[in-house]
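Common to both upcoming complexes is chain A, partnered first by chain B, then by chain C.
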Partner chain A sequence: MLSPAHQTRILGILTDLTAIPSAEIQPGDRLSEDLGMDSVTRMELVSMLAEQFDLDIELEEAVAVEDVRGILALAEARLGHG
Partner chain B sequence: MVEPEELAVVAALNETLERLGRGIDARAIDAAGRIPSELIEQLADLGLFGLSLPTEHGGYGLSLSACGSVVAQLARFDRSVATTVGLHLGLGSRGLVAFGSPQQQAELLPAMALGRPIAAFAATEPGAGSDLTAVRTRVQEGGRGVQVDGSKIYVTNGALAGIFTILARSPGLGGNKRGQSLVLLRDTDEGVKVGAEEGKLGLRGSSTTSLDLDGVQVPADRILGVPGQAPEQLAHILAWGRTMMAAGCCGTGRAALDAAHRHCGFREQFGRRLSALPVVGQQLAEGEALLFAMEALVRYAAGSDEAGLRTRSLAAKVLCSEGGWELADLAVQLHGGSGFIEETGVALLLRDARVPRIFEGANDVLRVHLGLHTAGSAQPVEGDSLEAEVANLGVALRERLGARLGGAPLMMHALGSLAGLALASRAAVERAEQEASPQATALAETWLRLARLRALPHLHRLREASP
Partner chain C sequence: MPEALILGAGGFLGLHALDALRALGEEPRCGRRARSNVLGLRSRKARMASADLDDEASLVEAMRGCDRVLHLAGHYPRTSLDPATATRTGLEQSRRVLNAAAAAGVQRLVYVSSTATVAPNPEGLSDERHSYPSPPSHGLYHALKWQMERLFLDEQRFEVRVACPSGCLGPGDLRVGTSALLIALARGMDPPHPDGTVALVDARDVGQGLARLLLAERAPKRLILSAENHRLHELLCSVAPRYGVPEPSPALSAAEAIARADEEEARSVRENRRPALSREIVDLVVHGQPLSARLAEEQLGLRWTPLSQTLDALDAWARRLSLIPSAKDQPPCSAPPTRPASSASSPT
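Moving on, here comes the complex of A and B:
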């Protein structure tokens, strides 16, 4: 599990990009259909994750993520637990 | 390329438009701020509003290339007229043609093919221009099906249209928490209110209005295709619309160069005709090479498969709208003081050429999108062509930045600008090979040299922006 602080920061990034309050964003929400993100916004999302957490993320892997759960898993795999 | 079986139809239409066009008074349309209804009737009688519509519904069923060729021909005579027709054929009707149900198509397309009604597309809002994810207009369950509420601005064909394709947020529809859908609305639907005509810098004969949607209740089958699929549908519709618009820019470019050639062929300064002055001669020759590349890129984009069209239409829209503006500006410049006077007609060309750089996606936004696509998909290419250089730059940036590409808009803007030049170069070379004439070869070679020169500032910016 990601630490609550990391989860909060990731949800904050999603809020910045979609204007949807963090409290309304659920792990099962799909980035396109449920959060209304287009391909460019999705690239901005992974870019912000990479920047803010100093993560090395392959572009191909990042664009394949389809939902919030996938984004959290992507971050968790690199940040580890806590 | 126009398909061989379409060549005769397009040739006949363009010949008819050549005659009809000579009777179009562009300055009168500009002054009146509207296209005479008799002219719209004539265009409808020719079948122009059905060019891209399926034959089984009364249209010509022409390809995007063929439609673009006709729209370019119209734009030579008046850009407002070309915009009215082109918008109907592209953004206005494409959603219904590509995603409408058989019932929707059978009900609406036969009349639309006759231009009765004319179609419009309404996506832009005060808070949502190039960023269409920000639209506030909503469609949700209500009344006898769905209810639409919101407002749109800058609706081309707004006051002429009887049918509108509307982009709206669609929370809860189709099992999607949020998402967007496209909805078909009629001007007669209760709660649809078309606003007043906007006063504009150019394209004054083309109708541009706002659209208020106040509790518009329509059957649920007015939603195009599957609810929540608007982003995917928009990608297709905008690719058509942008290519059609790029074709119109080529028509403006042709009109501008023709006017410049005419003027420079008789106007004398320094004891010689302007066209005999080396600098003017070079400007005209390079203008022709630019137009050759613009036309080639439109054909290249229009002849692509769906994935290719989506990318290449970005390049065509940017390069052709910038090129149309540049050629209109050249015509004004070469006319000297008279170019600034409305009577010569080139001032109108310049005013009309301005907004294509903005609408259907502001060019700088599209450059970033094109750059992101190039960096995200480029494969190594051998050789010393501009296309190879840009592809290899894209690969290098992807390897260096990885997922950080989306956070490097300045680099993506420069890369997108380069990608447009590279695609136009490839298209120009292919066109020259197809036409196989000394003139086409010379124009392509001139464009390749120009494209290299135009690439320099973008290469510099890319180096400047690199970490």
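Moving on, here comes the complex of A and C:
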């Protein structure tokens, strides 16, 4: 599991990009259909994740992220369980 | 020591320009907005600097100490639905870039425009001598690109060179611009399309052209970067076997395509998705013309990658990102060579 602090920061990025309050964002929300993100904003999301946590993320991984659970899983895989 | 700055470095052409500049021994500074995709810049360990076209002070700061600027971040409206706002944004951002460059003491700026600004030549291929005397009335994209290019060409405070790349294809087109119709075809979507002349070029060649234009001591003021001229419908039919899909339905008439694109763009805004057919692509195809890029060959020593090789690279990249089905999921076929309707030059 991601630490609560990491989860909060990732939800904050989502809020910055979508203007949807963190408390209303659910793990099962789809980035496009539920959060209204287009393909460009989805790439910005992964890019901001990479920058804020200083992660190296490949494009293939970025385009594969489809929902909030996916972005949390990507972060967890890189950050571990801290 | 003076260095170069790339505005729009993290984009499709920006990354190819960065690679080309590095191959020539340069290590440019890469401008980036606070909210932008910098995955490509991060993976290249590029040096980044904040540069926002809506914030002149940030541009001056990013350009400080740079004697050359490569500007690939010119406004590209997502739709043609609001011409007044798009025109105002494009022109204001252009003025900020020019004023910032003057304030920072930049000596040379290369602005990346579009072949939408190249006027028809009734006698054959169009080249750098062919310009519209006033904004063409083909649609927002043509008119905006003309007005922005005019601002840069009129600049007197420092040297400006203008590059006009045609439809860019190749690996890295994450926003799926020129390649949108090819990607849709490869996915078996039978994309609606008009017919007309499309001039195409490999994005990697454009990157090389921009790098050389930025660094060359002497170069033309305005330069076309384009490799091959094709008829769009014929091209889509010729590449269908490459993806194991049927040939596309017949082309729409110009009027049908414009109406369809306008409808699609309005719906795309309502539904927050990409239009299946965008107005600027329709306008570019309907008003497209065969181009000659002989000047770029002669002045900068550029050579153009044949389209078949460009498509090979595009396909490999798009399959890796699952933008199109992997080759094993498609029936085997032998892709015929794509023969240009008329060559801008002889591909080597």
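One rule holds for everything that comes next: the second predicted complex is superposed on the first by the 82 of 82 C-alpha atoms of A that agree within 3 Å, B and C clash if a C-alpha of one lies under 4 Å from a C-alpha of the other, contacts with A are read in each partner's own complex, and residues count from 1 in each chain.
The rule is short, and it goes like this: contacts are C-beta pairs under 8 Å (C-beta built on N, C-alpha and C of every residue); 3 or more make two chains touch, one makes a residue touch a chain.
This is a predicted model, so every value here is computed, not measured.
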| item | value |
| --- | --- |
| First (chain B), second (chain C), both or neither touched by A:29 | first |
| Which superposed partner A:76 touches (first chain B, second chain C, both, neither) | neither |
| Per-residue contact with chain A, leading partner among chain C and chain B | B |
| Partner chain(s) touched by A:64 [first = chain B, second = chain C, both, neither] | second |
| First, second, both or neither for A:56, with chain B first and chain C second | both |
| Which of chain B and chain C A:20 touches, first, second, both or neither | first |
| Contact residues of chain A, present in both the chain B and the chain C interface | 32, 36, 38, 40, 43-44, 46-48, 50-51, 56-59, 62-63 |
| Of chain A, residues touching chain C in the complex | 16-17, 32, 36, 38-40, 43-44, 46-48, 50-51, 56-60, 62-64 |
| Contact footprint of chain A on chain C as seen in their complex | 35-40, 42-43, 174-176, 272-274, 320-323 |
| Complex interface listing, chain B residues touching chain A | 132-134, 169, 176-180, 228, 231, 368-369, 372, 376, 398, 402-408 |
| Complex contacts: residues of chain A adjacent to chain B | 18-20, 29-30, 32-38, 40-51, 55-59, 61-63 |
